[in-house]
Every structure is written in C-alpha cells, then in structure tokens.
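Letters are used for the chains, namely A, B, C and D, taken in the order the chains are written, and counting of residues starts over at 1 for each.
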Amino acid sequence: MADAPDAQALRARIAASFDRQGLMTTLGATLAAVAPGEVRIELPYGPGVTQQLGYFHAGATSAIADSAGGYAALTLMPEGTEVLTVEYKINLTAPAVGEHLDAIGTVLKSGRTLSVVRFEVVAVTGDDRTTVALGQQTLIRIGG
Amino acid sequence: MADAPDAQALRARIAASFDRQGLMTTLGATLAAVAPGEVRIELPYGPGVTQQLGYFHAGATSAIADSAGGYAALTLMPEGTEVLTVEYKINLTAPAVGEHLDAIGTVLKSGRTLSVVRFEVVAVTGDDRTTVALGQQTLIRIGG
Amino acid sequence: MADAPDAQALRARIAASFDRQGLMTTLGATLAAVAPGEVRIELPYGPGVTQQLGYFHAGATSAIADSAGGYAALTLMPEGTEVLTVEYKINLTAPAVGEHLDAIGTVLKSGRTLSVVRFEVVAVTGDDRTTVALGQQTLIRIGG
Amino acid sequence: MADAPDAQALRARIAASFDRQGLMTTLGATLAAVAPGEVRIELPYGPGVTQQLGYFHAGATSAIADSAGGYAALTLMPEGTEVLTVEYKINLTAPAVGEHLDAIGTVLKSGRTLSVVRFEVVAVTGDDRTTVALGQQTLIRIGG
C-alpha cells in the first residue's frame, strides 16, 4: 500500500535533508522510517565503523542516534525550519555487535524553541535485537 | 627533541589501539598528541563528515571527542587494560566550521573501576580557534 | 487486597533505606510506590521547595528523581546491596507547578556492576498531570 | 576592602533572587561569592541533607550546583532577565563527606538565548578539599 500523500511529503522533506549529510553517506547509513515524531536510521556493520575491539564505535552509534533524534524533532516542525542539536547524553549499555544498528529517535516534547527527544539504538542480527544505547537530546529550532 | 622513552612507549600503546579503530580511518582522524591524562585527536574538514548545512556533523564531532576522552583515560591505566565508554554528554556550543577540529580529552578522575573525563572540541582555521563542543564522559576499565 | 509477602518485603527493604535519607524528610517527600524495577516518590508543594519564581526548584525535582531512580535500581538487587549514583542527566521540560510532584524511576538495564535508569517527574494538580522533567541515570552497585 | 560599586550591585541583584529560593533556605545554603561569570554557594553538613549512608544526598549536591550554575549565567545578563535550567548532567565522583560543600558555577558560553555552564562541587573539612561532583548545564534566558 502506498503512503498517504502527507506521509510521502514528510518523508521526502526529511530525506532531502538526510541526503545532504555527508557523514551518513560516509558511514553507509540509510533513512529507514519516517513518521510524525519518530525517525529510524539504519547502519550496516563493516570494518569502517568499528572501534579497537571490532564493535561498532560509540561515535558511529552516536552519529546515527543524533541524526535520528534531530529528524524526529524536525518532523513536527513546519517546512523551512531547521533544527540543531543543543546537546545530548548517551549511555552505551551493551557491546554494539550485530549485522546492523537501528537508531530510533522519538520526540518527548516539541516546544516552540526547544525540543526534547529520546533515542534508542538496537543491534540487530537476524531476529535477535539487543539495545546497545539509550539517550536524551535537546534541540533548538532555527528559522521557519 | 625526541620524546623520553616512557612518552614514546605510551604513545605507541595508544596508537596501536587507535589504529585498530576503523571509524577513525574512515573519518580521516589522526592521533595528534598523547600525554598522561590528555589526548588530542584531529579531524580535517571534508564533504564526508558533514551535516545538512555543510558544518561538521555532531556525530563526527562526538566520535573524535569520545575517542580522545577514552584514550585520555587509558593513558593512566596499566598495559593490557581496555576502557569502554559508559556514557557521555556533549553540548554543541557553536557551528562546527573550520579547516579541522581538535578534540582534547582530559582526565578529571581516574578511579579503579570508573574514570571521568572532560572533553573540548575546537574548530581551527589558520590561527583562529573556536570552541564548538564541550562534554563530560564516564568510562569503565576492563581487564588489566 | 494485601500485598503478596514478597512485595511487602521489597517495600520494607526500600522503605528502611528511604527513611534514613534525611533530605527526603527535610523536603517532605514520601515513598509512594515500590515494585520490581519501578519506584515512585511524591513531593507536596510548599514554600520550602521553591526557586525564585515560586515553582518547584530544579534541585528538589532532581532530588526526588535521583532517589526514585536509585531505589528502582535497588529493587532488582539482592538484600545487603547498596547503589550509588554515578551520574545523571535531567531535562526540565516545563515549569514545575502543581499540588505535588510524582517522580517515577524505571530500570532500563540492570547490570552486574552498573544499572541504567530512566526517570520522569510529573506535576499533579487534581486530575491534571504535566511532565516537568525527564532524565537518565547511571548507578553502581556496592557490596551485596 | 569594600567591593567596587558594580560588584556590589551585581551581588545585590543575585542575592535578591537567591533569597527568594525557598529551597536554599530549607537546605541552609548561602550565597558565598558572586563575580561576573562565577558564583559559589555553600551548604553546611547536617542530618537534614543526607542520603541513607549519612553522606550529603546527591539531590542536595545537585540543588546547590544547579543554583550556582544558574546564577553564574545570570551574572552575565542584563537586569530584568531570568534564566531557567534547560538541563544538566552531573557526575558524583566521590562520597560527599565534609563539614560543608562548595558549589562553584563557571560560565563556559553565554549566548543570546542559551548559556552553557560548568559546575564543580567540593567537600571541605578544615583545609582538606575533595571534588565530589562535576557537571555541565544548559540554561535559557527569559525576558530582559
């Protein structure tokens, strides 16, 4: 079933920004799902995203979490708006080992100036899903 | 003047681990300075590390900050030890625009199990240096 | 209906520790609910817990959030164990105005050494409930 | 030597707000020092500010850290302005045991909308000073 027109427009708007993030291309991350207040980004495993023990690097985990959170906030804002990350906090709760990572950003509060987002990163291998990171992010709206 | 033997050995130990971090190679980051309790990592600007406005992506900024902090903690631990990031918090305090970023991790407390590190990321263009991120990190010692 | 014996024992164990927290008595906070992995603490409004505008002070909000989180972690540990807060991060998402605050700590990960807890603080006035703070906490197990 | 008139006026402005924070009175905290970009708050030890082991409660430590940070930010803003805490992160780095606590807030960045502050809390017994907490705080300016 095709997306409703609004859902398509929302996804297109987020994708247009995502595609300009050079880092996402460098890492091999893709925009997996876009809904109002929630965005998911996927990152496949490979030798280019690792730390010294061969796990996903916390920096790669954080990068997709930060983008998923930022885009989740952006879905609730009018066109022409940008959001910038003010700050975030992330706990790395388990070794990030898997075929790919799923970073899910979910808006907790969408304010006029500031938004607060929760994110979770899950390592996926086949049917097995393990939470590897949990965090909270503050974003500021620019323009719009 | 050459480094004292101890300084050389410390740098070699940190570099051996850094060189196994695939993500640092992918980003183009280098290990710029190693001293007891303090490590600096450099990241040159390029289209592969950007967000949608062409600044350094917060994920790239965070990745080198996290590595600089982790290696700063590791410099104060015996050989054969690893450290893993438990969590960190980072404020992005200015747009990350410059020829390169310097991420400096400085140990605030080196405990038997947990260490606490402060990091700062500076955007450098010629002689101009602007702080673009500030954070605090908790690490746990594994083995050793 | 009476609590099952285990639930009573768990509550008694947490209450015995809570009652030794002089700060909770000073603030007028009470232990409202105890379940495995989740604890709720209530704080009535009064002039002794305010900031300069007459709202609940972020320090009072944080104090009950920190205790709720710590006790939530403790519920999942064997008797004779203590937990200490390693660190936490809290967003104050709305002015903390109400008849009382409810701080709810919920364990996200209970590890052998470290636990990660999420907390939420809600301002309550009659039937109206407004989230005023959201955070994430890391705790370390001592002894036991 | 008396304070210069400007220093007196700054202190008076901060003190006027501090004195309206009911929680500071309840805890017994005092405004110990005010300078542009830096504020220190003292909290004497007593049974009313403890956790279950008799140390200063992390909530008491956080409360004075949050106030010291907020007032540090306020010193750099024009009269008639308020600041509210957006969020903060605090590491409790050692048991908070001592005759009193000193919480020192220091502005890292004072922006038009948002400020970033670092705080440190030190436990003092005679001449002995031990850092017990370290953190970073984001504040938003209201009015002015």
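Just so it is clear, a contact is a pair of C-beta atoms (placed from the backbone, for glycine too) under 8 Å apart; a residue touches a chain by one contact, two chains touch by 3 or more.
The shown structure was predicted, so the numbers you read here are calculated from the model rather than taken from an experiment.
The set of chains in contact with chain B as well as chain D comprises A, C.
Ranked by distance of CA centroids from chain C, the top chain is B. Averaged Cα coordinates give chain B a centre that lies 35 Å from the centre of chain C.
Measuring from the averaged C-alpha position of chain A to that of chain C gives a distance of 29 Å.
With centres defined as mean CA coordinates, chain D is found 23 Å away from chain C. Within chain C, contacts with two or more other chains are made by residues 86-87, 89, 91, 138.
Looking at the complex, you find that chain A touches chain B at residues 17-18, 20-27, 46-53, 57-60, 62-64, 66-67, 82, 84-92, 95.
Against chain D, the residues of chain B that register as touching in their complex are 89, 91, 93-94, 108-109, 111, 116, 118, 131, 134-136, 138. Remark: chain D residues 86-87, 89, 113-114, 138, 140 touch chain A in the complex.
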